[in-house]
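Naming follows writing order (A, B, C and D), and every chain is counted from residue 1.
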Amino acid sequence: MKTGRLLTGTQRNWPTELWESPLSLPTYRRAFFLLIMLGLGGLASVWFIGEISDRINPLYDFAKTYLEGLGIPLFLIQLAWTIIKAGILLMVPVVNAICVVWWERKISAHMQSRLGPMYVGGWHGWLQTIADSIKLLLKEDITPNLADKKIHLLATAVALAPAIAAFAPVSFGKELVYADIDIGILYVFAVSGISVFGIIMAGWASANKYSMLGGLRAAAQMVSYEIPRTFSVVPVIMLCGTLNIAAIAEAQSGYLFGFLPRWFIFYPVVGQIAFIVFLIASVAETNRVPFDIPEAESELVAGFSTEYSGIKFSMFFLAEYSYVLISALLISAFFLGGGSPLLPSLSFIPSWAWFIGKALFIIFCFLWFRWTFPRFRVDRLMDFNWKFLFPLTLINILLAGIWSAEIKHMVK
Amino acid sequence: MGIILEKTPIILNKIPGGTIALTTADFFINWARKSSIWPLTFGLACCAIEMMAAYATRFDFDRFGVFPRPTPRQADLMLVAGTVVKKMASPLIRIYRQMPEPKFVIAMGSCADCGGPFYDSYSVVKGVDKIMPVDVYLAGCPPRPEALMYAVQKLQEKIGKMEIKENSGATAGQESGARREL
Amino acid sequence: MTHHTVEDVFAKLQKIFPDIKESEEKIKNYPTWSVSSGSLFKICETLKKESGFEYLDMVTAVDRHGKVNSAGYLTEPNPCVYSQNPSVVPSQSPAPGAGFFEIIIILTSFSMNQKLILVSRVDRTNPEAESLYPLFKSADWQEREVFDLFGIKFTGHPNLKKILTPDFIKGHPLRKDYVHKKDKFDY
Amino acid sequence: MPIEEKTFEKPLELDQMFVNMGPQHPSTHGVLRIALHMEGEVITKAEPDVGYLHRGIEKLFENRTYTQGLVLTDRLDYLSSMHNNLAYCIAVEKLMGIEVPARAQYIRALVSELNRIASHLIFFGTYGVDIGAFTPFLHAFREREMIMDLFEMLCGARLLYTYMRIGGVAKNLPEDWTAKCREFTGFFPKRLKEYDALLSFNPIFMDRTANIGIISKEEALDWGLSGPVLRATGVNYDVRKFEPYSFYDKLEFEIPLGQTGSTWDRYYCRMREMAQSAGIIDQCLEALSKQDMPPDIIAKGVPKILKPLKGQAYGHIEASRGDLGFYAVSEGEFSPYRMHIKAPTFINTAILQKILVGAKIADVVAILGSFDIVLGEMDR
């Protein structure tokens, strides 16, 4: 029989063996390679920062002596240095968002047997996010007629500014830290808590019911998940005796019995509970699936950002991804030993590479959750927080007390 | 950005060598615009299923940077995928007006082009170009996902020819391009 | 009490409602009864409560007015339909009041494994029928649809308003004498 | 310009809110509009508003010949157009008294089961998106593309097939089609296990769907539901068993039934139906490979010009969304005098106004998605 112009059986090949292999099931075979690629790409990009941080102090000293020789007062030089550091700090969220969004699209695509961006910029669509951001910059900026125009504008700033400011006590290398303050943990939690106001303002000012529901949900969710998130760090603080992020990371260096790193996640029971609660609460704080109810696409259209277009919308985007990075860096510092290597024999890899590498792995976990889980319902979300996570953290603090009073000196 | 885009060409044209700067700017702006076309998640009828298939695994629209957004405020492209009936026409116009400039419309499928198999129905708008300006018409009932990709490439060609000198696509002027008030 | 065949049900019903009779034009392979519009509700009630016809499949109507008026469409009449039959003139339309509406109701009994079709005539000048909504909730939208497309008023329906067509389309499109008036989208 | 004037019987209370969900909303599966009255996030009143895709198909049937009308049926339930074709053909065949040859009957059952799987796969994918999981959508579409390939080999179209003809089917199965189809049926049941792992038994998913949108048996019958929505409540009504057509009485399969009538039951009924459909396809392929049917006769006894005598007929089948019926009236002309489509989604959706009350706005999406509505069929 003639098949005419119709498709014949041999024209379409189904790679069923590939789809059936257990490695391509939810463990996502190709995503694993992407993880490696992500790690390598991330390391290459932070190499630059590491190099700067190694050379930055001699550079500063040299510049200082030179400029002092010219007769410029010291406070002006220090001011200029602060401004330069602030500039570098400002670049962090932008560069981070550009990279992470591209990774997210690539990783999610490979999890779903797709390819993701392929053409923009040539190699695997690596310029995709830059094209997106230029386009968003040039889009018309709409403020709805009924909106509260001042608050509508202010909300973006209130959401983004704390996200940038929260990076201040986070050290990106040995010397490249904007403000090395002793109460770093408190500062990060306090500042990042401000962002929720931006979201509530955005929800209210948009004069859109979906936005308002999104804002209300965000308020309820972020305020309540702040509590287990903070409480889950209390054991870390108790065991390390400091609030300085860098000091906490340093306190975890060394090895138990010569092979087990002294990372906090390896402390029996206390460490694991604290880590899991902090991870869950961090995902909730960053409004990502399965906790993305404030912007739940299928329910509230786009939640609080429904009425935001162009550059204002990208501000919220930037803030979200900044918090993802901050959470990853904090998890890396609190629970994964900061810059300490996994095995003593791996110590030839510089410490900043370990630090950023661990953070990148946590970012990958965030993306992985996002593309695997369905979304919680809003009341279940609250139940989960108040009836499960919150009591768990209190118990964990008790356990940490017992640990630090009774067991800590025995292990030493 | 609207003011900058509107005033810059006027100023630059007066400066010698300004046109070269304009052409370069055009190149980059158009590159960004055509590389990231975000359509609205919005399907009317049968063609919407082929549109979904185009986003999905085998065809993967994400390769071109086409990434659906749920709200019209963040969308660049309206894919009118399916029959536009009269009851739906005014919401459709409203959604079109909610989109920020520059915005583009692809009429996907015969129904959106001219009414298709429902050419004599009392309830169908005979072509979406009766209610809003259309950039690319795509024939087929329904068009295959490959055809939709071709339409998007045609739209990219069209975007590549835009010039900020003429304010094309970047001003509220296009809004009045809708044929008449309804 | 339950019956085992539709014939039993028919015999029993005929004693209560003498105007019920086997329809002349059967819907192929299904028992078709013709009932008067006045007793339609009562018959359905009896069928539901006593004979196990507890599931309403479909409510619709037919306009027995004559050939469809081609002015109800936007373009000239379909040549395939008309050119094959030269005796039919497209614009030929019967007298305004001629004919009647038929309301078609399909009921199902799961215990008897049987479908049953009731046909009831409604006057065309002032079409009214009793709503089946109190018996079967599934009549809710179907009756609204019949109201929208045919203009048959169902008395006792709690929410009888247009469902499918927009407000600016006047008239009832599925009536055979429907003439389409150009609106703001037709040009 | 207002979409439509909102008229309230009484003004809203201070803590009440009116939300228009749709017609453009990411998860109304097209252009359904639901007017929601809410207190906080809880729905106090829900009014589904349909008609945003009303194309007047029933009117158009009266201006088409019987063969032309077949094309319109595809556009009704565009996710399972084979079923629409089949129901229309059965109605017209009853009207004209045409017998369909055995080979065509098996092919009809075969393709309609394939289409059922394709349709349920779309349901599975979009339901995942409704609940917030995006990955199942792409996994489902990957398998659906295989069915699209099979249909493309069969009739050249990917979505709207017009493959059935009155009196049979358009053409015989191509040569290498059977092998390709067996490849699919061998592959597909294993994927169902993966779907279960990915979505069905995910704790978050079950938590969101298991206890909402509950419909009792009596309610389901009262509201005239059909299809998986009815069977999830435990009522065993499937036209394939109730009134077998297309040799379904010669094929062995089970009807998956739910117990509680919850959203999850509706979801899982469809998942189990897919496994049954794969079994039916295997049986059909087996039957078609036997040599007792003349291989070339796929339609017979059909006149060149279809002109049924005066009469009426009602043909109905079990489509993927429920009991789809075509009620045809002939006056002895070239076109039907009246063609009514008994659309299952239209009747199923009416119950939304009852069961949405008391749900949360997140549940609206979950409940609405579980009805698997297709607006083309609902509005016609």
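One rule holds for everything that comes next: a residue touches a chain if its C-beta (ideal position, glycine included) is under 8 Å from a C-beta of that chain, and two chains touch if they have at least 3 such contacts.
Only a predicted model underlies this, so the values are computations on that prediction, with no experimental measurement involved.
Touching subunit C and subunit D at once are the following chains: B.
Listing every chain that touches subunit B and subunit C alike gives D. Look at the CA centroids: the one farthest from the centroid of subunit D belongs to A. Chain nearest the geometric middle of the protein is D, using mean C-alpha positions. Taking each chain's centre as the average of its CA atoms, subunit A and subunit D sit 43 Å apart. Distance from the subunit B centre to the subunit D centre is 32 Å, each centre being the mean of its Cα atoms. The distance from the centre of subunit A to the centre of subunit C, with each centre set as the mean of the Cα atoms, comes to 62 Å.
Computed centre separation for the pair subunit A/subunit B is 34 angstrom, with centres defined by C-alpha atoms. Counting partners per residue, subunit D has 26, 51, 54, 56, 59-60, 63, 138-139, 142, 379 as the residues that reach two or more other chains.
Residue positions of subunit C touching 2 or more other chains: 72-73, 78, 165-166, 173, 178.
In subunit B, the positions touching at least two other chains are 56-57, 70, 87, 120-123, 182. Taken as a graph of touching chains, this assembly fits none of the simple shapes: it is neither a line, a ring, a star nor a complete graph.
The touching residues of subunit B, when paired with subunit A in their complex, are 1-2, 5, 28-29, 31-33, 35-36, 56-57, 60, 62-65, 67, 69-71, 73-74, 76, 98, 100-102, 170.
Remark: subunit A residues 105, 109, 112-120, 125, 127-128, 130-132, 134-135, 137-142, 297, 301-302, 305-311, 313 touch subunit B in the complex. By the touch rule above, subunit B contacts subunit C in their complex via residues 86-87, 89, 119-123, 125-126, 130-131, 182. Residues of subunit A touching subunit D in their complex: 1, 3-10, 12, 14, 16, 19-20, 25-26, 108, 111-114, 209-210, 213, 289-290, 292-293, 296-301, 371-380. Residues 4, 50-51, 54, 56, 58-60, 62-65, 68, 94-95, 219, 221-225, 235, 237, 242-243, 305, 310-314, 316, 323, 325, 327, 329, 333-335, 337-338, 340, 342, 346-347, 349-351, 354, 379-380 of subunit D touch subunit C in their complex.
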